[in-house]
Structures are given as C-alpha cells and as structure tokens.
Amino acid sequence: MKVIRDAIHGNIEISEEEIGIIDSIEVQRLRRIRQLGMAYLVYPGANHTRFEHSLGVMHLAGRVSESLGLGEDEKKLLRISGLLHDIGHMPLSHALEDLVRDYYGVTHTSLSEKIIKEMDLGNFSNREVISIVRGEGELGKIISSPLDVDRADYLVRDSHYTGVAYGVIDLERLIQSFEISNGKVVLSEKGIKAAETLLFARFAMYPTVYLHHVSRIADAMLTRAVLSCFLDRTLSIEELSKMDDFDLISFLRRQEGIPSKIMRMIDERNLYKRVVYLSRMDMDDDFFELLTNLRSNGIKKIVEIENELASEFNLRNGDLLIDVFPSPSFEEVEVLVKYRGEMKALEEVSFLAKVLSWASWDYWRFGIYVPKEIRRNLSEETVLRKLRSILGG
Amino acid sequence: MKVIRDAIHGNIEISEEEIGIIDSIEVQRLRRIRQLGMAYLVYPGANHTRFEHSLGVMHLAGRVSESLGLGEDEKKLLRISGLLHDIGHMPLSHALEDLVRDYYGVTHTSLSEKIIKEMDLGNFSNREVISIVRGEGELGKIISSPLDVDRADYLVRDSHYTGVAYGVIDLERLIQSFEISNGKVVLSEKGIKAAETLLFARFAMYPTVYLHHVSRIADAMLTRAVLSCFLDRTLSIEELSKMDDFDLISFLRRQEGIPSKIMRMIDERNLYKRVVYLSRMDMDDDFFELLTNLRSNGIKKIVEIENELASEFNLRNGDLLIDVFPSPSFEEVEVLVKYRGEMKALEEVSFLAKVLSWASWDYWRFGIYVPKEIRRNLSEETVLRKLRSILGG
Amino acid sequence: MKVIRDAIHGNIEISEEEIGIIDSIEVQRLRRIRQLGMAYLVYPGANHTRFEHSLGVMHLAGRVSESLGLGEDEKKLLRISGLLHDIGHMPLSHALEDLVRDYYGVTHTSLSEKIIKEMDLGNFSNREVISIVRGEGELGKIISSPLDVDRADYLVRDSHYTGVAYGVIDLERLIQSFEISNGKVVLSEKGIKAAETLLFARFAMYPTVYLHHVSRIADAMLTRAVLSCFLDRTLSIEELSKMDDFDLISFLRRQEGIPSKIMRMIDERNLYKRVVYLSRMDMDDDFFELLTNLRSNGIKKIVEIENELASEFNLRNGDLLIDVFPSPSFEEVEVLVKYRGEMKALEEVSFLAKVLSWASWDYWRFGIYVPKEIRRNLSEETVLRKLRSILGG
Amino acid sequence: MKVIRDAIHGNIEISEEEIGIIDSIEVQRLRRIRQLGMAYLVYPGANHTRFEHSLGVMHLAGRVSESLGLGEDEKKLLRISGLLHDIGHMPLSHALEDLVRDYYGVTHTSLSEKIIKEMDLGNFSNREVISIVRGEGELGKIISSPLDVDRADYLVRDSHYTGVAYGVIDLERLIQSFEISNGKVVLSEKGIKAAETLLFARFAMYPTVYLHHVSRIADAMLTRAVLSCFLDRTLSIEELSKMDDFDLISFLRRQEGIPSKIMRMIDERNLYKRVVYLSRMDMDDDFFELLTNLRSNGIKKIVEIENELASEFNLRNGDLLIDVFPSPSFEEVEVLVKYRGEMKALEEVSFLAKVLSWASWDYWRFGIYVPKEIRRNLSEETVLRKLRSILGG
C-alpha cells in the first residue's frame, strides 16, 4: 500500500498492482498534460494535470464500488479503468480536440482505447478496461455516463484550482446516491438532490471556466498554430499524440511562420480580441442554422471561410479566427432514478434537471477573433455582412 | 480596474498601471515557472507557478499597507515590489539554486535586481523597487524579512496545492499584526500568536514538502543534468536565466548523454534511491563538520567527491549524488515586537519562536543517492566508510 | 474599533458607535435565539444564532456599500439596519412564525419595527432604520429584497453549521455585482452568474434544511405547545416576544398538560411521525385547492380541523397535527439587471432564474403527523378519506 | 444504518444498536450542553454542543479502530465509549468544573462513570465501557490519553465554530498514525509530524479560545452565581448534574440576590473587568507559590480570600473574583513512539513536543475581576498590596 496526497480527496491509497501501472510511461505522461488547456491564461491557478484527475477518478470509482457493495475484482477493474480513462488526451487536453477530430478523425477516447490496448496491465484484461472506459455495461456507467465519477472529480478539482466557487458538490452524498436495482446502476431517490447539485455545478462552471472567452480565443489560436504544422507536414498526428505540453509548446516555439508567431503571442499573453461575439438570441434562425452547418462541416471548411473572410479585409491567413461553440448536450435527462419503487428518467422527477440543459443555450456563442492591432480597424457590422455573403445566407 | 481570480485570496484587484507591468514578457514568463520545482513528483497538485505567487505577494503587500495606514504612493510601490520580488527565478525555482550560486555566483535575488533594473516600470523608480525587493529600509521588511508577506503567501498557497494541511495560518490576523512604531515596522503584541502560527506552519511544511526526500533527489538529479550542460558548454547561465520550465525540460530531452538520460528518468519517475540518509543525531560532531565544510566548499568540490566515490564502486560519473541539506536559519528570533510599550526581540516574548529554529535541526539530513539498479548492490556501511576515507575524516 | 471573529466572514470590524448598540439588551437577546429553530434535531451543528447572522448582515451591508461607492453616512445607516433587521424574532426564529401571525397578526418584521422605534440609536434616525429594514427605497433593497445581503449571509452560514454543502455562493463576486444606475440599485450584467448561484443555493437548501420533514414536525409540535399556552392564557404575545430560547423552553417544561408533554417529547427526540406526506403531483387540483384554502384561513381553523379529525380516531386534542407547506414565492424574477445598457427583469436574461421558482414546487408538501405509538394504528388512506369528508371536498 | 450530517466529518454512519443509545435521555441531554461554556460571549459562533462532539469522537474512534485493524467487537466498543465519554458533563461543560470538584469532589469523569453504570447499553458491558472511558488498557488510550480522538475532534470542531484558524490538524494522517506494537497502541514514526500538529493546535487554541480572558471572567461569574445557590441550599449537586444549559440559565434568572444579578449581567454582556492580570514572569517565585497554594486549597478558601479582600475596599461579597489559572500539564511527552524499531518517548524524537509544554507557561495568568463601575476606582497596585498582606506573603 502506498499513499498519494491529493488536494481534493486527501490521502489516496494505492495497491502494489496499481503502482506498477501508475509508474508506466503512458500514465506518467499525464503529469505533464494540463487539465484545462489554456485556462491558466484566465485563472492563474489552473495548472493542474490529467494525472491528478485520473488518480481522483480512480479513487472515486473505488468509493462508489464500495458503496454499491461490488466485489473486490469489480472494484479493482473500475479503479484501473478510472485511472486510464483519459490516457489518450492530447497535449493541453481539450484545446486541440476539434482539430484532430475533424482533421484526422481521432478523439481522446479513440486514442485512449488504442493506448490501453497496448499497455501491460498485469492481471487486468485490456479488453474489459476498454469496455468500461467506453461506458459500456452497467459498470461502465460509473466511469462514463451523464452522471459519472469523471464529472464529479473534475468539477470539484477545477473549482479548487481556479478558485471559482461554483464547482462545489456534495461528494459524500453523491457517492452514496447510487444503487443497483434489477441489475442496473441507478440513482436512488435520496440522491436526486446530490445529482441536481452536480448538474448545477456543471451548468455554472461552463460559462465561467470551460467556455470563458479568453480560453476559447487561446484555444482557437493554438488550433490554428498546430493546423499550420499539419498543413506543412512538420507534425503528424502520431507525433502529436505522444507529446506532452512541454514537447508541443517547445516544438511550436522552434517552428517558423504562423506556429511560432502564434506561440509567442500566447507566451506574451498578447491574445486575439473579439470583433464578433453573438449569443443565440442575437441572431435569427437562418443565420444560426448556417453557423451550426458550418461547424458540422468541420475545421477544414471553417479555415477556408476564415481565409476568404480575411482576404476581404486584406488580412493574412491566420489573422482571423472563427469560433462556433458546440451546442449544449441534453443527455443528463436520461439518467435512471429509482423513485418510489419505479424506474423513472431523471427529468420526470427533477424539474431542475429538465430545464438546465435548455438553460445551457444561454452560454452558446459565435465569435470571430483577430489580433489587437487589427481589431481597431474592423467593425462588427462589416465583418458580419461579409461573412453572411460568403456563407450565402 | 481589472480583477484576477486567485485560488487563495479570491478576487485580486489590479490597476491599469499594474496591468501594463504584469503584461510584460518578464512577468508572463513566471506563468511557466513551477513554484515548487520538482515537488509535483511527490504531490501531484504542486503545479502552481511563481506567477500566481507573485500576484499573491502583491495583493498582501497592498493589504498590509492599508492596515499600516501607509500613503497611496507607498502602497503602490510595495505592490509592484511584491509583484517583481521573484522575477529572477530560474526554471523550476529553487531546484537549481545551489548550482548556479556555486558555479556562477548568481542567485535569484541578484538576477531579480538585474532584470528589474532593465524593465520599463512607468512611473515607478526601478532603484526604489530594487531596494524594497532587497528588504532594505522599513518598507522592505514587508516584502523581505523573517516575517514577510512572501512567506505568508507561499505557505498558504503551497498548502492549498499540495493538499498538505500544515500551511494554514490566519492571514487576516497576521495582516493586522503589524504596526509602525517610532518609524519602524514592528509586530504588535496582539500579533504574537499569528506570528507563531506562521513560524509553526513553516516548521511543519519544511520536512513534509520543501525538504521531502523525493523532491531533494529529483533536485539533485536535475542539478547534475544541468551541470553536465554547463561543463559541455551546451548551456550558458545567460541562456538558462531566460528559459522557462518548458524551455529547460525540452532542451534537456534533446541533449545527449547524462542530461537526456537523467531527464528521461525524471519523466518516467524512475528516480534515484537513498543509499545513505542520516540525520544530525546519527553522526558524530567531526563527521558533521566534514559535511558542512563540504557543502560550503561548493558544488564543484562536491562533484569531485561524487566522482571519486563513484569510481570506488566502478560507477560512472553522475551515477552517485551527494546531498548535504542546508543548515536551518535562525533569523526569525530577531523580529521586533512592541510588547507592553517596549521593543523586544520576538524570542524574548515567545518561547515558541525561540525553540522552533533549534527544533528545525530535526529535519536536517545528509543523503547519497544512486539509481535503483545500483542501490541493490551497495551497502550504506561500505559507502560511508569509503566517503570518510576520501574526506579524510 | 473592535474586532469580532466570525466563522464565516473572518474578522468583522465594529465602530465605537456600533458597539453601543450591539451591547443593548435587545441585540444581546439575539445571542440566545437559534437561527434555524428546531433544525438542530436534524443537523446537530445547527445551534447558531440570530446574533451572529445579524453581525454578518451588518458586515455584508457595509461591503456592498463600499462596492457601490456610497457615502460614509449611508454605509453606517445600512450597517446598523443590517444589524437590527431581525431584532424582532421570536424564540426559535421561524418555528412559531405562522402561529403568531395567524393568532395575533404579528410578524417578526412588525415586531422589529416596534422594537427599533423604542431603541436608543444615538445619532441614527430610528425612522430611517425602520424604512431600510422594511426594504423601502433603493438602499432598502440591499437589506431586504429578493437578492439581499440577508439571504447571502444566511445561506452561507446555515451551510457552514449544518454541514450541508449546498449553500456555497461566491460572496466576493456577489458583493461586486451590484451597481447604481439611474439612481437605482441594480444587478450588473457580470453579476448574473453570481445571482444564479445564490438562487440555486436557496433552491437546494430549502428541501434539505429549511423544509426538512423532521424540522417541520418539530415546528408543528412546538407550535401546538405554545398554542395551548395561548388558549390557557398562561402566555401572552407580549411575554413571548421578550423571551429568548432559554426562557421559552424552560417555561414550557414547567407547564402542565400539552405544553410540557410536547416539550418533553422534543427534549427526548421522541418526535411525531408522518401518517400522510403528499407532494403536489400526488393530488388532484381540487384537493390542492382545499388545502391552500385551509392554510390561508389561518391556524385557528387548522386546529379546529385537527381536533375534528383526531376525534374521528379517538385521539386526544394535540395528538394529530396538520402541516400545509407555504407555497413557494416567485419574487426573484423581478430583480432588475442592467444588461447591455438596458434595464431588464432577471427572468428575461437568466433562464435559470425563470425556472427555479417553478421547480420549487417539487418541494411543497402536505403532511399529517401523530405520535409514534399512534402511527402504527393509522393508515394513510383512512386518514385522508376522513379529512376529505371533513373538508367537504 | 442511519446517517447523521456532521459539519466536521461529513456523513457519520450509525448502526441500529447505536441509535438506541443515542436516543436515550442521557445522550439527548448533551444536545443542550454547550461545548465551550461561555466562550460564545467572545466567539459568537461557539454554540456547538457536547452532542455533536460525542458523535465526532464515536466516529473517529471507529476510524482509528479500522486503521489499527481491530476486530468488529472492539470497534463497536470503542465507538460506544467515544459516544459516552462526556456523558457526565455539567451544564456549560467546563465552566463549573473547578467549583463542583472543590465543593463536592465531583468531576465530569466521575459523573460519566456513574451515569454509564446505570444506562441500558444493550449488548455492551457497562463495566467495559467505563474502563475505556477512564483510559484504561491499550484501547482506552484511543479515547482518553494525551493523544486521543477526543482532542483530535474538539480541536477541529472548536476551530470550525469559533472561526479561529489554529485548530487545523491533518485528521486523515493522524488516524493512520497509530499502530499496535507488542500489544501496545503506539504512534508510528511517520505519525510524528501529525502528532506535532495536534500538539501545536492545542498550544495555539489555549490562549486564543480556551483561556480567553473574557471567557475566564464569565466562567468566574457563573461559578460565583452557582456557589451562592449551593450556599443557600437552593440547588444541590444532584439537581445540577441533571440539568442542561436551558435549565440552569433559566433557574439562575429566577433566583434572587447574587445568582440572578450575575445572570442578568451575563445576559446583557455586562461583564466584570480585570483589575489585576499577571503572567508568570510578572511575579516573583514566592508570590507565585502563594497563588498556586491558594488554588490547590480549593474554591472555599478562594472565596474566603475574595470576601476578605472585597471588604477591604467596602465591596459586597461577589463583587470581587479571584482567578488562578491551572498550571499547564506535561503529559504529551509520555506518548510512546515506535522509532526505527525501538520504543521511545515522544519527547525523545520530537524536540517540538518537548518544548511546547514549557512554552504553555506563557499563557498562565492570575486575575482579579470586578464590575465595570468598581474597576474605575481601584488600582492594580493597591489591590495587589492588600492581597499580599492577606495571603501573608
């Protein structure tokens, strides 16, 4: 038994078997992947890593297992799956997620599976771990579902490091809120309130932290820098997926042209500014549809439009970035609750759960960003007019 | 007015004038310098940076100014000095401190002065800021003295990020504990208890965090890696002092021989192990004197002894590292207290203050570290015998 | 200047003028009035008092005054009004609120006004303080409105003492969320999120703490005990309103019949049990209307029905208690927000604010409580049937 | 299984068997006994009770049992003993402790034994529980010894409710710091630091909370009020020991003469003031010896001297109160530590432990208190001169 001190959960106990896997190169790499990507440019304390989050998920997975009365083997499997669930994250976590998905069809989930497949997991079955990480079966729900220990950990952890008070949830009560009923992992009736606070914490953290506009701008800049490397073939997806934050940032600094220019701007916190920043209620349905279509057409198409729009204002490629926020997802409502003996969807017994997802549209945005010097010479109105004409809306 | 969210002090307000200085390349570099060097290998949450610590010191300097009733100009000067007091830190903060001091006569304080001298500080006098950062005059005591806002900030901050509960001090009470008496900044009588808790927090954090053996081992390894670069002339002190953590770590990875080998071991957390680890009471006075002499002779002499000792066991240079802990300092006792109208040294009115420094010797250690595979083949006794004969003791 | 240590806000500074008022008999009485009435029977830590809450509201009123840039006189007035806003609370705070309102037309607000009128407030105008406490004018909103410092304090405080994690709000951000616009105190746009978390904290604390069924049962029992004293003329409203918790509890213990019997049951935590406990969706609209009519007819009518229903089952008066929860209020939506230069109602710019009030209906209940021994012999169905026939529904 | 929410330990799980005992009149009485007596007059939040402390000690006793690998029966026994260890506390806990010990030879420990003897503890042996509560045997050390879960709980709890930051200790680490070695419960080597922080927390809490002068004055006043009742035979020790805070305070209010006068002064926070307040270093050895002799002669002798001294200044009995602080105890140093395989006293391996007890003399005081109006007319010097002549020193 070894003990690791965690800032959130206190002492986390680890078995010999687990130490072997934690000491692998793959898990150690997570020590150098920032959990919140570029959010440290907004919240100076947001330097925490996927490594401690992974330990936290492992720990919570074990605690839920005990609360559910699972057997020792299932508990061990869940802990290891929790430890490895984020093993495929790229440098800076979600910052490059849209890019690699659209450009190479790769996600951190698909990369996780690929990496776990090839790891030496001792007595554990690599196949079983992959299945859990995918959220398959009832046990999989504990690690990956709308109400999982992944979210429970990251909300509390991100709150602790950013100093934003909104991520406070009642972990103790949440852990005891699950039960097994007819072979299904469900929320117990007395857990509805704990679930609601988790849903609300997510709701409050999104605009304040995860979708903070400065963080979105830095993500868009980094995405553009790495895209340039992809286009120049100076960086392959295979190379990128083995890098940690130190490798990537240092690599970009050493390039020429767009990548090093953007990286220097980030290092000096000389970030692009918003020339357009609209919410859903600032636009009509047609324009909204054009934008969501644009997003679903993928990043190559977006860059095409960016370049076309840039040229309209005599700007160079890379000087104008388009950011269509992802649409909020509605999956939480599907969580099953055992309510007075019957199985119900969470939205049937919690009015709050039903409405929070709709309310999340309050935080959807569409932004266009340009360097500070350029910002002064552009008007929102002109840029929007040109964009509309390009999009043909 | 701008507001930055800090995980320790909540909202930190910043003036336009200060934003200009914060946005400088020099201050932004601190965002990428870990506050606790290699301690993240022990405490996974210890990824916080000199940047947020510097903001914290700035903030506390302002609060103490208000509590003392200082004028607006003095407050501004103290805040900027707090912001810049650590500007000269090398990558990974204290990890390379002994090396660059012994090898190049450079400290983070001397570097800070050099950097501040050349910064554009607007209406502030660079000379005055340097004087404060040096701890000169009565105002200087607030930033740099045995009982300063620097310590107040780092103890609480390091505690928050490591999850170690010992760094808890009563910041509110401490801030109100200072007063000006006959032109001197002194501790008020009712501040004795607050001062004692700060002293105790330091006392408890030292062995648990700052002098944790795993952290000392990683520091020793990194020191050896960088020393190799100095010897090979692949890295100059000028280059090093401009680097951030990303530059240095990525640079070491790209070298050949000892630097990249050691850096890879650190990345994989394959750390050296202790073959010798003695406390003060484990040795006689003669041997203790030999060791402290060795330390004061500087790192070049230590490496000489390391190599000689290594060759006795047919080890390569760099495979055996010697670590003599610094002797605890006794300066806290000199703090002035206004006690029942008279000025007294803190040690006269606080028995605890008097004894904590002595008690700190409990944490002094002498260690010899070697790679895991080698550890198995060496006995503490033999190594110590050889060392004694080399040192001529 | 004096300093009082508060468990929530840390050091609270108090002027000489304020100390005089705090040391009055009226304010000191609040030290012995529990903030959460009988909730200590559910949450053993809930022993905190109106005294510290009042200090907290005073403190927050001052901080908001500073944030709004109000003058020193207005700030002083607001602080004193905050201190005195709850001066009229009966023993055990809200536990007897319905009773004295229905029976004597007295509320803690009307009592506060009466008491403040007769206090010696030095340089303050008693009339002005009363006006603020009533929530009149723009300054009054800070102390008493849907988004006031009263709520801000009690949510955080009740959370700290009960150990229920839901009352966490971002006080710093909330304090800075107010602004004066065209002579009106309004919420600033960047304060919407802080306001939402306060609304959510209230939403989550209601069912968990304020409306916890055990607390409601104990309130109903206490209400019945005091009602008996009113009916027997052993206790007048004038006497009650001068009592603290110690006086009332000790008085009830020394009575005969129902009051002492119920008080002993409370002391021994031998509480009534629920024979009926229905939510809004468990009943049809007609029955719901009967119940809300019953509630609005006042406590005398309710006791009449209680006695009639009790006699149907051969129970003594006082052995069966009816509890119709108050309907949730919808006032938060009216808060004014300055949004992109225009004044809007909070519900227009925050979907969450709009829906939380509706969602509060999830926590409305109708309960019938009887002693444990009796509970075994009664069925929910029979009791409900008899009640319907009595109510004529 | 039932769960009680505790503000310190979160959810505390309780078995059916334990619920039966918790629901007894004796344990429920603790809900109405303030943990820190009159300290609420200094710290408005200090209204917490022996009840929640007792639950906390029960909880920690269980956790230490698990950490030590004790059997289920031993764990249950330790939990129940923890629950009942303070069952004999008088109203207002320690406030009247000196009085009843000197006057009737009764302590809260002797009363606890008497009460436990007569309780129905189901399957538990009353004799065994008493033995544990006395601190007998190795298991007894966990509940009652210089390093027990009693102290661990009250330091953290008192800190939480008073808002004084000094009571922070690392509970997790402390719980894991015990081990069984050769049949003895000892501190493990890695627990030294955790033990040191507990010792320091006590050291810091004593002058700030437990021995705060306002609290000591109120204790002295209350003691004098109850002594009057003893002398008038209006209150017996049997009656007192069955009372809770509500009974006693309400009883004193209803008396005539000294008791009601003093009680009214306490209610209005019109407290006695210090006319003499000396520390150890303010007096010579002879006078110090006279004072400690006075204390050990007991309260009757002290009252005799009080009255004699009062008459010298034409004051009435009860208008002048003498308070000799208890001498700090040195027992912590005897804790056994398993250090590098050998059993050592804590003081041998922790310099801090050795010195903290000595340092506690810094907080010893001798005080003489009189009503505010009288204070103005007395000088410290005259009072001391008269006292010396009375004591014959």
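Things to note:
Think of it as A, B, C and D in the order they're written, each chain with its own count starting at 1.
By our rule, a residue touches a chain if its C-beta (ideal position, glycine included) is under 8 Å from a C-beta of that chain, and two chains touch if they have at least 3 such contacts.
Model, not experiment: these values are computed from the prediction.
With centres defined by CA atoms alone, the chain at the far end from chain C is B. For the pairs B-C and A-C, the count of C-beta pairs in contact is higher at A-C. Distance from the chain C centre to the chain D centre is 35 Å, each centre being the mean of its Cα atoms.
The geometric centre of chain B is 52 Å away from that of chain C, both derived from CA atoms. Rounded to a whole number, the gap between the C-alpha centres of chain A and chain C is 41 angstrom.
Among the residues of chain A, those in touch with two or more other chains are 10, 164, 173. Here chain D touches chain B in the complex through residues 164-166, 168-170, 173, 193, 196-197, 200, 203-204, 207-208, 350-352, 355-356, 358-359, 361-362, going by the rule given at the top.
Every residue of chain D that touches chain A in the complex is listed here, in rising order: 3, 10-11, 172-173, 176. Partner chain C is touched in their complex by these residues of chain D: 4-8, 10, 23, 25, 28-29, 31-32, 34, 40-45, 47-49, 51-52, 55, 160-164, 245-247, 249-251, 253, 267-270.
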